[in-house]
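What follows is one structure encoded as structure tokens, with my remarks underneath.
Each chain gets a letter, A, B, C and D, in the order it is written, and its residues are counted from 1.
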Amino acid sequence: MRFISEITKGLVKDNPIFVLVLGMCPTLAVSTSVDNALGMGIAATFVLMCSNIIVSMVKGITPAKIRIPVYIVIIASFVTIVDMVMAAYEPALHKSLGLFIPLIVVNCIILGRAEAFASKNNVLNSLADAIGMGAGFTLSLVIVATFRETLGAGTWLKMSIMPQSYDPMLVAILAPGAFITLGFLMALINMLKEKK
Amino acid sequence: MIILPAMISILEASPSMINTLGAPIMVIGGLGLLFGVILAIASKVFEVKVDPRVEQISEALPGANCGACGMPGCAGYADAIVHGGEAVNKCAPGGAALAAKIAEIMGTVAGSTEQKIAVIHCTSGGTNNTKWKYAYQGIETCKAAVNIADGPNACSWGCVGYNDCERSCVFGAISIDEHGMRCIDPDKCTACGACVKACPRKLIDLVPINKTVYIKCSSKDKGPIAKQACGSTHPCIACGICAKNCPVNAITIEQNLAVIDYTKCINCGLCATKCPTKAILDLLAGCRKKAEIIAENCIGCALCAKNCPVKAISGELKQLHTIDSNLCIGCEVCVSKCRKQAIKMV
Amino acid sequence: MMYYVKLGAILLIICAIAAGLLAYINGLTEPIIKERKAKEEIQTREALIPGATFIADKTASGLDFFIAQDPQTNEVIGYTFIAAKNGYSGEIQTMVGLDKEFKILNIKVINQSETPGLGANCTLEGFAKLFVGLSDTELLVDKDGGKIPAMAGATITTRAITNSIKEQVIALKNHLANAPQALAKSSEEVN
Amino acid sequence: MGYIGEIFVMAMTAIFIQNFVLARFLGLCPYLGVSKKLDSAFGMGMAVIFVMTLASAFAYLIQNYLLKPLGLDYLQTISFILTIAALVQFVEMVIQKNAPALYKSLGVYLPLITTNCAVLGVAILNTKAYRATDPTLAYNFLDSVLNGFFSGVGFTVVLLAMAGIRERLEFAEIPKSMKGMPIGLILAGIMALAFYGFMGFKI
């Protein structure tokens, strides 16, 4: 039961982007188009799951004074391994995701969850938390990307949906647009929470 | 467990593989060792002497940082207990259970704490029971509203109704009913005092939970002015009838306002029945039980007769006593005084 | 004393394992990546100038380029090379195909790490088409007085690519201008 | 233009033209997370400057004396992150000992400096950067350290500006659902637009 509640928690209640306000750098950099967002979400979720598992396995022997270097070495080595393996055996996937992999190392969510959650819970809950957080991250990335892509480029998943006469609002693609889109989305969520 | 397969595969791999593996392991491993040792030394140099008890106590505290204990938040209170020798029972939200727990951590005896709840001493401030002097359009907080021409409501002591108290309550104990009146949920209220501080007109104070009689007005105006200004027609007009009728003289009239001294109050509710403007609220009105003496336990010591505020108990010394039920006001003073538990409420 | 050793040892072990794993996997994947990259390079070169055989050559300034020859007539029909320059957030490598008169046949960005959705759009063919048929004199971003319209929100990327191509074309032109005989000699021995 | 000119150019670029937060959009998590109060923002700013300067120094040494000679470039990310993590852990101990109040107010954002994209970003960019005055010259040790320092200063300047404004926002009349982070984000967007003004400068 705790397993499912951990997953759903990450999706809405503790959504990494809208509630915890973590992982801003990749969010702004990547959510310019929905397929980028999906790519980043999947890659980040995979790395988050592996690192949460290893971190919660190793939490017993890591003394508090060197916990950050240990966690970050685990995360960084995972990211580099994923990058290398994908570059060698999955060239097609690597071409689309290749750019996001280095971005994952500096994704605050992964170390944030490792530090805040995985280092205090057992492996199963950490995995659940990772799945929840990953899904929440991907979901919110796609939502932001939908707004930014339709406004900024008039397309959705590269399919143009806006009428030809619509000339795209460039600012939505640029990073300030991302800030403002995210701000309004967060306000919307607060309003919905208020109504409940 | 990861090392074993890696080792085996390295041995099988060609020698060139070994030196390609050797270099990175030494480089990164060396860096790791270097930083490990530096951090170890640093952690010794910057050792922060933390008394383990402080952490245990701050974990036990509710963590609402309400400041009821007078300390800057729970961490401050935990620190004060361990270093400053602060009393262990000052945490109102935690109450007696928490005090016992802290005492056990600290190895001292916990003083008993009286569980209190917040009470609002005003019956108006809702949407339909307030007389307004002017229509106020400004920042929607009581603190702001009262600053402008002494508040928008006619009674300059009464509740303005912009719910500063409700907003300040960390435990969600104050809720607004459909008439816009504030009601306090005794189970949720932890007497942290946040609302007492938040109310600009000081209408709220903390009352022991077992006392159920409250004076629901704070107007210090003279009777006729209070009556004319009050929107809910239940002002305290300082007539003094409640003070006269109180069997234990717990009520005093100060600045045209009746005030109950809860150390003396015996919860009998007599004042509420006598008050002409119904300004006193008695939660147990009408459902108080009558006292009755159990024949076999009574030894006729007459202690109850002496303490009965309304002299409802009669009987000779060493004889079985009787209680006159229509005189009895159900204040249960006799029950607490009788050493033989010979009186029960019916 | 033990405390220092313990901390240092744990970090050492974990870093060593991580580095070992990385090196081991790198050992496995590096050759594959290199070989795949080489294959890719050949494919893009063929795509730039279809139906030509390529002969490797090197300019004086160390830029290695390829001379594209018509397989039957052995006659030079163009050149290809890789131009590289620092863009917005990293190096951008573009493969360029030129015809005999050094006019651009086609270009393809093979390696870049620009911001996705902005600079990264330089890999699309829409951007490559802008360069077709231009000679080195016209190779400038419109803001700097050239013919290439800068990509929306990615002027720095566009300028980096354009300038990198312009420099290499000029370098190639000078090299071939003062070393025509080298061209003839190299074509026999490599075939 | 002499070395002083080079430092001036580097400072102006790092603080205004290529500001790490509002131009390159790196290091946003602490930027949004800590900018609620001015004093914690200042504390975070100092910590980031310290970590960035030292990280650039260590990164340069590791890159040029360890990774390049042994040809281990694929270890660049992990070795840089390891040094930054160790530095942050060190800073965390120093702050916990000397400024416990600041340590409390920074909270989770102190360890998050490790994954702060700006710190890793400056370390990696230093290895690829060329001098503004004559682009053939790559950054030497002093350039990297100075660039790290100025990028840190740029981060702090923007963080303090944001914290200053957000503190005043608390008293402004904002609809209930906009309070806190949403208005902070919109403010960051507007500041980013303003900083685009610096983008076109050529020094």
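Assorted remarks:
In this section, a contact is a pair of C-beta atoms (placed from the backbone, for glycine too) under 8 Å apart; a residue touches a chain by one contact, two chains touch by 3 or more.
Since the model is a prediction, treat every value here as computed from it, not as a measurement.
The chain with its Cα centre farthest from the Cα centre of chain A is B.
The chain occupying the central position, as judged from C-alpha centroids, is A.
Distance between chain A and chain C, defined via averaged C-alpha coordinates, is recorded as 32 Å. The geometric centre of chain B is 73 Å away from that of chain C, both derived from CA atoms.
In terms of their C-alpha centroids, the spacing between chain A and chain D amounts to 21 Å.
Centroid to centroid, with C-alpha atoms defining each point, chain B and chain D lie 46 Å apart. Annotation for chain C: residues 6-7, 10-11, 14-15, 18-19, 21-22, 26 touch two or more other chains. The set of chain A residues touching two or more other chains comprises 29, 65-66, 69, 73, 76-77, 80, 84, 102, 174. Under the contact definition stated at the top, the residues of chain B that touch 2 or more other chains are 23-24, 27-28, 31-32, 35-36, 39-40, 43. If you sketch which chains touch which, every chain touches every other chain without exception. The touching residues of chain C, when paired with chain B in their complex, are 3-4, 6-24, 26-27. Contacts from chain A toward chain B in the complex involve residues 65-66, 69, 73. Against chain D, in their complex, chain C makes its touches with residues 15, 18-19, 22, 26, 30, 86, 89-91. Chain contact summary for the complex, chain C toward chain A: residues 6-7, 10-11, 14-15, 18-19, 21-22, 25-26, 28-29, 32-33, 36, 113, 115-118, 120, 152-153.
Listing the residues of chain D that touch chain A in their complex gives 25-29, 31-33, 74, 77-78, 81-82, 84-86, 88-89, 92-93, 108, 111-112, 114-117, 120-121, 175-179, 181-186, 188-190, 192-193, 196.
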